[in-house]
Amino acid sequence: MAELTQEQVRHVAKLARLNLSDEQARLFARQLDGILDYVEKLNQLDTADVEPTAHAAPLRNVFREDVARPGIGSEHVLANAPDAEPPFFRVPKVLDLGDSGA
Amino acid sequence: MQSSGNLQYRVIVGMEIHIHLATESKMFCPCPNRFGDEPNSNVCPVCLGSPGVLPVMNRRAVEYALRTALALKCEIAAFTKWDRKNYYYPDLPKNYQISQYDLPLAQHGVMEIPVDGQLKTVRIRRLHLEEDAAKLLHEGLVAASHVDLNRAGTPLMEIVTEPDLASADEAHAFGSELRSLVRYLGVSEANMQQGQMRLEPNVNLAIVRDGQEYRTPIAEVKNLGSLRALQRAVEFEVQRQLDEFERTGATMQMGNKSTRGWDEGRGATVLQREKEEAHDYRYFPDPDLAPVTPEPVWIEQVRSELPELPVHRRRRFVEQFGFSEKDVGTVVDDRATADLFERALAAGAPVRNLANQFISFWAMHANQRGVPIAELPVPAERMATLAAMVEQGTVNATTAAAIAEKMLAEDTDPQAIAERENLVQVSDSSEIEKLVDEVLAANPQAVADASSEGKKQKKAFGFLTGQVMQKSRGQANPKIVNELLQKKLRSS
Amino acid sequence: MDLSQLTAKQIVSRIKSRELSATEVIKHTLDRIERLDGQVGAFLSVHREQAAARARAIDDRLAAGDDPGPLAGLPVAVKDNICTRGARTTCASHILEHYQPPYDAGVVERLEAAGAVIVGKTNLDEFAMGSTTENSGLGQTRNPWELDHVPGGSSGGSAAAVAARLTSVSLGSDTGGSIRQPAGFCGVCGLKPTYGRVSRYGLVAFGSSLDQIGPFATDVHDIALLLSAIAGHDERDSTSVPPTMAATPDFLAGLDNADIKGLKVGLPKEYYGQAGLDAEVSHAVGEAIEQIKAAGAETVEVSLPHTDYAVACYYLIATAEASSNLARYDGVHYGYRTPSPSDLIDLYSRSRAEAFGDEVKRRIMLGTYVLSAGYYEAYYLKALKVRTLIKRDFERAFGEVDVICSPVSPTPAFRIGETVDDPLAMYLSDIYTISANLAAIPGLSVPCGLSRAGLPIGLQILGRHFDEPTVLRVGAAYQARTDHHRQRPPIASA
């Protein structure tokens, strides 16, 4: 795989919503590059006919019955909110129209 | 093919629909699944996305989706799982949405919709389950937005069709039919104003110019609050894309699909702010949720409980019971009401009278109360009796309406009401004849006018009829009154 | 009587017999923590009033002839990534520094239903990401054996609390070795249960398909005692196994006079050939295995051919899951928010940048990258497939043997500050523990000696899915013949 560029690092940082200083971007690029080099070794293995294990336990069909229970109350919901205008959470004005990204 | 100037074109519409499922509790936690409550009052640590919480799947949500998928004749996946769709937004407490990506619950179905008196088949590409986002409120706020998590985690069913719809009318018909369907299945109230059914048409055109076919870029339209808005928006898009193509010749390419919002006030779609980067949702299987392998026994049980679909039931009510296309919806759109109608038939109601009563006073009372006819406090048997009473001539139509009103107020049989209130129609000719004679004797001028012609005659006849009805306190059989009056007038 | 020398079993028994009161036990514990934790740094918060109040309530119930539960009055320390309602749960991160959960974790509910008294929350590597507790954003925990050495991680605080005998037992979490390795470094016992054995409801998620909560204690009997209290199906955790799939056995049964005659113990040839394996560790573990043989077990060489791929596989899966699990820390609903953000994206990016430590950022970045468009198949999906191969290695091995023994760590604890600059080297030290998380099998770490420098060495015992009883039996049989687990650092006797 190609070396991890700082631009790629910045792109990933953006996806992950992490501000990085130039120094951090450089450091992370180097460190992540080293780790990615290391994980390359997985390509030594032929996994063409191997099923991926996406779930740790072989459980299927785990459901709960459709019974409603009251919420914990808006007071408790907002208790740890950094910025609230009860009964709402408050965030900087969101500019996009319509439904979120979905 | 349609024409616009020297272009011929075909409209292509595919729909993406999100339907809010009417379960008691949310998709992954037991919070109440309700609309309109105090903000943030139906929230728990799970739907708040608190550190350490885990989702647990609501069985009924899966069942409702399964029911819908079977009604749409979809293939049900033998193995289905949930995936995380990762993106950051304040209406997404975990900053990922639990949805389904590559192995949805159902695929490859069909829905029939009525188009110009025929049934058209629309292919369903897929149907899956996901959780809804919270609500963001901006109105009246300048520098901030408010977040209400009541809606976060409520169950949504997403349905995607193939681009099989060929006009705004068809898109409207599809939306209407789907709405009827999910209401029939009891899986959603599908109230668009409350956001319980959200329709997003993907619109483009196939334009033929100088023997070559071109496809315009696809536009996805959001923010439609009603079926009418859907229709108008598609119509607008068609025109806009025609104009755009004439102007720029731009065609559909990888990645040039746009998202547009419907502006009801302007009656136009508006290009939405370009997102800073194309979304990379980094889907991966949610490790917190066990995959589902719907058991054949379960599938068969749900399939066996499917009702007759509204599109077919409507057809049958028109053909079997003589409803007009215009009126049949009054009785068929609400499943319980259609069931009530058929129960009343089974209880011996004569079909024409019953149908008339349903679309006249029963519908009126239901509308006044803001409920479907099935929720009126009158059982099927009594409705049947009342219809039969009119057919047998025991009461006339006007009296029946009066009796109906009383039936709503008290828990009494219509027959009993009629007898008690002396509303039983008098069909005894000799009794009526007595009244007719009295009226004729008392109104010589009217008698004279009634023997003339034209408007004067009609008016006088009507007056005389009215007098007889009045004298009989509305109980005289109008047909007999009419016959006797005519006979007497002719002979006078 | 020096209460700090009592095991949990002894404490519980003496409180039940009213020889000791819960109040005096808790007071003793809190005083000890006050006196000594300044040196160790195991605790991030101590629940002084609440613990004292609970102890009093338990004494009242005992006086009234009630049975407050099998752990009545027992002081327990809990890793600070396990939610305790109304009490700070920080995950050792600035981003949750003042966060108070509105609910208790499933294991906390169970501990309290059993009568245990949670005395405080212990330090960890931030969000459980690390192997030394040096990544804590809120303080350094020191190895009670050598205070300028690391206690291991990520459950360094919980391990150190027990090593210093501040409490007799504690709870930690294990995603890639975070219970077993600090247990090894601190000379105490630590168990990672089978995935699904213990509820994860209330455990702040790091690697969802790998995380498990488990106990630390000074001996295997106490491990079993705690496990009995916390194990069991929780309907709020879809990954917790229902009784129909795996009933909760009596973990205490068969530990007295533990009989392991005829048991087959596997020794993976790939483990003992590792270049970085310290000679003293190899020797101590070798001796331990001799003891186990002397108790009647038989050793068999087995092969786990995909051992060398485990670390790579783990770091792709764990970081991918973590990148998603930690997305919720965005300054909107709880946690740290940057002052005066210019807009929404700024709010997210700055809050997270200011409050997350470097290792957390690194792992989020790596995880985001391996899930991103164009890389999913090559990295994440590939890792999921390699995971299957590793699982199969263990299935095959357990066809021949009943348990597998190995070192816990290639080396004993090292100095604070020694590996901070080389994340990859850090990851490689997880070589022995990481596979058990990938394969979802249980693993126990027990002390098996000290290095010449006086630092503990740990023996790891791995078992089949849901076969904690056999794993514990081997540990108990070993401890019946040895007294490494009774060794304690000087500070423990202070």
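By written order: A, B and C. Residues from 1 in each chain.
Going forward, a contact is a pair of C-beta atoms (placed from the backbone, for glycine too) under 8 Å apart; a residue touches a chain by one contact, two chains touch by 3 or more.
Note that the coordinates shown come from a computational prediction; the quantities given were computed from them, not determined experimentally.
The most centrally placed chain, judged by C-alpha centroids, is A. Looking at A-B and B-C, the interface holding more C-beta pairs in contact is that of A-B. Look at where the CA atoms of chain A average out and do the same for chain C: the two points lie 24 Å apart. A straight line joining the Cα centres of chain A and chain B is 40 Å long.
Centre-to-centre, using mean CA coordinates, chain B is 56 Å away from chain C.
Counting only residues that touch two or more partner chains, chain B has 45, 48, 56-57, 88, 90, 147, 280, 282, 284, 287, 289-290.
Counting only residues that touch two or more partner chains, chain C has 99, 102-103, 209, 235, 238-239, 323, 327, 330, 332-334, 344-345, 348, 368, 372. Shown for chain A are the residues in touch with two or more other chains, namely 14-15, 17, 54-57, 59, 62, 64, 72, 77, 89, 91-94. Interface of chain C with chain A (complex): residues 98-100, 102-103, 195-196, 209-210, 235, 238-239, 241-242, 245, 306, 308-309, 311-313, 315-316, 323, 327, 330-337, 341-350, 352-353, 356, 358, 361-362, 364-366, 368-369, 372, 378-379, 381-389, 391, 423-424, 427, 440. Those residues of chain B lying in contact with chain A across their complex are 23-25, 30-33, 38-45, 48, 56-62, 81, 85, 87-92, 97, 133, 136-138, 141-149, 198, 222-223, 259, 261, 272-273, 275, 277, 279-280, 282, 284-285, 287, 289-293, 295.
Residues 14-15, 17, 54-57, 59-74, 77-78, 85, 87-102 of chain A are the ones touching chain B in the complex.
Those residues of chain A that touch chain C in the shared complex are 1, 4, 8-9, 12-20, 24, 28, 31-32, 34-36, 38-39, 41-45, 47, 50-57, 59, 62, 64, 72, 76-77, 79-83, 89, 91-94.
The touching residues of chain B, when paired with chain C in their complex, are 45, 48-57, 84, 86, 88, 90, 93-96, 147, 276, 280, 282-284, 287-290.
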